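What follows is a pair of complexes built around chain A, which joins chain B in one and chain C in the other.
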Partner chain A sequence: MENMGVVFALLGAVFSALFAGIGSSIGVGLAGRAASGAVTEDSSLFSKVLILQLLPGTQGIYGLLIAFITLTQIGIMGGSADISMYKGLLYFAACLPMAVVGLISAILQAKCSVSAIALVTKHPDQFGKAMIFPAMVETYAILALLVSILSVFGIANVPV
Partner chain B sequence: MTSSYVDKSYVYAVVRVRYAELKLLNASVLSQLATAGSMEEALKILRDRGWGNGGSEDPESILQAEREKLWSFIDEIVADRSIFDVFKLPNDYNNLKAALKESVMKFDYPGIYISESTVDPELIAASIKERDYKALPESMQEVAEQAHSLFLKTGDGQICDIMVDRACLDEILKAGKATKDDFLKMYAEIKVASTDIKIAVRAALTGKGRDFLDMALAECETLDKAALIDAAAIGVEAISSYLGSTAYADAVPMLKESPAAFECWCDNLITQRMKPQLYESFGLGPISAYILARENEIKSVRIILSGKQNGFSNEMIAERVRDSYV
Partner chain C sequence: MSKVLMKRIFICGPRTQRKNILELLQRMGTVEINSDDIRDEAFSTMDVETQRSTFLRAAKQSEEALAILKEYAPDKSEGLLSSLEDARSIEKASYDGQLAHVGDYLETALKIVNINKQMIEDKTAIPKCRTDMEALSAWKDLDIPLDFIGTSKSRVFIGSISEEASASQIYEKLSAAVEDKDIPDIDVDIISTDKTITAFMVICHADDAAKVENALKQIDFQRAPSSKSVPKEEIKALNDRISNYEADIKKCIDQIAGYAGERENIKFASDYYSMRADKYEVLGNLPQSANAFFISGFTPAATADRVAKKLEAYDAVVEISDTLPEDDVPCELKNGFLSDPMESVVESFSYPSKGEIDPSKITACFYYILFGMMLSDAGYGLMLVLGCGFALLKVKNMKPSMKKMMKLLFFSGISTVFWGFMFGSFFGNAVNIIATTFFNRPDIALNPIWMDPQKEPMKLLVVAFLIGIIHLLTGLTVKLYELLKDGLYIDAIYDCLFWYMFVGGGIVYILTMPMITNMLGLTFTLSSTVGTISLAAMGIGCAGVILTGGRESKNWFKRILKGLYAAYGITGYLSDILSYSRLLALGLATGVIAQVFNQMGSMIGNSWYGVILFTLIFVVGHAVNLGINVLGAYVHTNRLQFVEFFGKFYEGGGKKFSPFKENTKYYKVKEEI
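Right, the complex of A and B next:
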């Protein structure tokens, strides 16, 4: 039981990379199919739809970042990995915002990106406006990233 | 969760449809066509917009080329074309009627088969000729056998047509429900209900009895078949009065005007119901709506061209032109 702390902490890091990554891969895949449809009809749309396709990919990067910071903090990447179970659970909880919000927001952002790609296909001059809609979803992924980062860094100072 | 987001979204197809919608004829182009000075002038407008195969084809070839372009585009964007069988079923059953007539009358009528169908017209013709009904799709076997033997026994082509048309309506409704797509279900329902209304009106005008109506009318959700039969047995006024209490109340003035006006109203109703699909990015709805929009567009162009050919006034032609989807 005394080694369970590092297990929970590692589980948090894995969840963060795993779920945010799953969300992003679904999202980028979905938007990619829409982008392929747009480029099939008009190849000059490539650069515009590529940006819209990549928007749901950021959650996966955020998830990886949280996983990386957590692994560094708990000593898996070097140093001592000796942490209490309570601390391990705290790390696990700290990773959850990025894991859950990353998964859901990537999929929802992709749906928004698909609609934006359809919009750009019909009205290429509206690209600027079309990009804002999926970008709004990014706000919540960034908020989750902030909470996870602040929590992971803050846990080191918690006396448990 | 994954499958609902990824497998059934049709995003690639919907985006391609969005681009294709840019080439649809809008209300102003349709009005320009309707007010063109002659059929040649209307054909020039169509050719300038890419209609036909680039040559100087006759109107019928241009319309046929457009229909072929539509289905080859759908083939390209949707892997399983059978999803849209609901739109092609009437062609299958028209081909069945043609095969029955050809077989019983012992005449060859070139060009009576419609190629955009779910069942190969040659297969239908051959199976009717050889009375090999098992070669037909299961849903067609029974009606083909019954209609064929009745046609041979009585020589009454009309009864045979009615049996086949009824089977077609039942099949459209079944196919619409089977797709589990709200838009296709709605389309199938309106198609069957509007055909029921047309049959009821025609039967009332020609004094057909209840047995005929019972055989010809299909069951659907938005109409009460028994009530429609009761009304049709009384007359057109009774049908109008019954429809006043249904979802088709707005159709009553059109029904009183002419069958063509009612048909136009039905097509416009579907166009109106499919407009929200312009803002949908997922699912079969936008693709189905595009197919219907193209079919309606081809129908409108046919009306315009034949109106021009037969010297109808621009106003008369404009009245018959369907509403544009875009």
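Right, the complex of A and C next:
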């Protein structure tokens, strides 16, 4: 059982890449379909709708980010992977915000993006506003990212 | 903060000079026409829809011809950067010189469109010939025509069944299918057979024809495609037709390519007709009397007098006056070198409404700093500076909106380089990774000038909040300025001063709590005296907001309730400040992902293929990271400006100044004002 620490820590890293990645791929997929529709109407909208399509893609990257720093911290990427059970669970917990919020916010942000794409198709000059609505949802992914980052960095200093 | 001052302009001109005056206005492009306020029964308007649609069609046909030319005779001089270019300006004299030929130019364009139509017809005919040939291929060894039905005494059936069969098998099938099992004398000749089709010919006596035909129907016999000549000749004829079409297509392409020299002329025609269409649109709305026409609108004050003088040269009477308070004055922004890229940011939010200031300058103060902190990598910043700098240098005549975007990224790039060195990030930790992997010198690294965000994230978080507080309070200050400017001193105290005390007192008070300062990693805790003072300030501010927040209500009970709700807005400030944590989060994201790519690239170690792998992953990885993070930094900087900053003082809702001008793609006729 004493070796289970690294298992939990790795599980955390994998969860954050996994769920945030799933969320983003669903999100980018949803928005991409709407974007293709918009480009069929007016091909000059391509660059605008591409940006809107990419917006829900960031959660996956944040997930990768948390996974990577966790892997580095727990010694999977080189160094000794000697983690106590207690610390392993801490890492697992630290990764959860990014994993869960990443999954859900990416999908909701994508729905926002789809509507924003519809807006841009009708009023291409309203792009600035259309971009802000999906970006609002992203705030919570960023907050989750922040909590995860601070926790993962902080656990190294926890005296256990 | 400069909105261009507008004047009202009223023009009355003789109808004889109408064309000249409208064209002059279009060339100058400084008057927004809005003649709604001079509608009167005494005036009439012209119906110009027919002419206008004729011009629009001509412009569309020219564009079509240009697209065809582009496909078959691409312009070699057109580089990657030329899509950024704005319309080229030409002298009035050279424009006038070309006017006489514009009809010929349009005719050339029509010729190109027609040749293309012909070519499309040819192109669709070829596949049809090929399917016909395909259908004939099963009968190619037959030496009689396919619609040969027989001689006077005999009948011939030529056709196929869709399976593989030999002559005897078909004979058996027919004898099984024939009425009363009594098969007449027939001769079955297989012409060709494969897995999916057997082509054959059945010969019988003319008297048995009906019987045989019936039997054939039973076994799903398909008649051969009708043709008067022998299949071999027919196939040859089809082949000839295909090569004819192909030769024709080639000829068409050559013809189109031969018109490549006319490209500039067709561009001229396209611009000319779209300009005329615009002019007729204006003309259609123009109030006119028997001998005169009238224009009313807005024009920038700076050039108003010169515009008037030019118009007077065409016998027009021009009246320039100050705008009236009830006028819906359109808005144009004019800013200096650093803040003019902000106009596009402000435009994408909303133009300032009548009483508001142009927020471009004050936005610029923060925009570059915020963008730089979010991207925060010197290498990426350098790429932006070099890329946009190159485009700005190379394309002199860039589209204004594109130029603003390029400048925005250029300045943001400079700020990014600055923050990158502050945080010690140059393509992530590329310096250290390259030195360690390929030169075995792990001691070489780019040290941060200020701090390493990955080692001290809390410190940077505090900095981010601090920048946020400054940003928000600056927004509040702009509101204060606007209120004072309009002489609303009481409102300034109620809506700004109380909030300063409320928010400022709160922030200072928090810093007197050891729990908070420890958490934020600050080295100081303010003394309790400061705490008392700040608490008092906060209390006064809060009470002030509660008492005055709902001052538009006369009823005191309602007023206090509304005031309480206004005071609840303090939570908005809290979340606004927390929102700036994205400065840290996005900055870390850039740096860490850059490191991921560096580390992936260096995995194989120091060898020749290691170098190749590293280069490959470095280039692709950093390009992807740069793209995604520039997008992120742009979107989130805008968000901080639009939501957190503008939320404090700016509503927008103004109308953009859209003068009657040459909305052309390729040429602009010069007109000095």
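We adopt the following convention: the second predicted complex is superposed on the first by the 160 of 160 C-alpha atoms of A that agree within 3 Å, B and C clash if a C-alpha of one lies under 4 Å from a C-alpha of the other, contacts with A are read in each partner's own complex, and residues count from 1 in each chain.
Note that a residue touches a chain if its C-beta (ideal position, glycine included) is under 8 Å from a C-beta of that chain, and two chains touch if they have at least 3 such contacts.
Note that this is a predicted model, so its numbers are computed, not measured.
Chemist: Put the two structures on top of each other at chain A: do chain B and chain C fit, or clash?
Modeler: fit
Chemist: With the two complexes superposed on chain A, say which partner A:Ala118 touches: chain B (first), chain C (second), both, or neither.
Modeler: first
Chemist: I'd like to know which partner A:Ile107 touches here: chain B for first, chain C for second, both or neither.
Modeler: In the superposed model, A:Ile107 contacts chain B only, not chain C.
Chemist: In the overlay of the two complexes, what angle sits at the CA centre of chain A between those of chain B and chain C, given in steps of 10 degrees?
Modeler: For this superposition the angle at chain A equals 60 degrees.
Chemist: Is A:Gly37 contacted by the first partner chain B, the second partner chain C, both or neither?
Modeler: first
Chemist: Would you check which partner chain A:Met136 touches, where first means chain B only, second means chain C only, and both and neither mean what they say?
Modeler: In the superposition, A:Met136 touches chain C alone.
Chemist: Looking at chain A, which partner touches more of its residues: chain C or chain B?
Modeler: More residues of chain A are touched by C.
Chemist: So if I take every C-alpha atom in chain B and every one in chain C after superposing, what is the smallest distance between them in Å?
Modeler: 9
Chemist: Following superposition on chain A, which residues of chain A contact chain B and also contact chain C?
Modeler: The answer is that chain A has no such residue.
Chemist: For the complex, which residues does chain A have touching chain C?
Modeler: Residues 51, 54-55, 57-58, 61-62, 64-65, 68-69, 77, 127-129, 131-132, 135-136, 138-139, 142-143, 145-146, 149-150, 153 of chain A touch chain C in their complex.
Chemist: Which of the residues in chain C end up touching chain A in this complex?
Modeler: Touching chain A from chain C are residues 345, 347-349, 454, 457-458, 461, 578-579, 581-582, 584-586, 588-589, 592-593, 595-596, 599, 628, 631-632, 635-636, 638-639, 642-643.
Chemist: So in the complex, which bits of chain B are touching chain A?
Modeler: Within the complex, chain B touches chain A at residues 1-2, 5-6, 9, 11-16, 18-22, 77, 281-282.
Chemist: Help me check something: in the complex, which residues belonging to chain A touch chain B?
Modeler: Of all residues in chain A, those touching chain B are 26, 29-31, 33-38, 40-42, 107, 110-111, 114-115, 117-118, 121-122.
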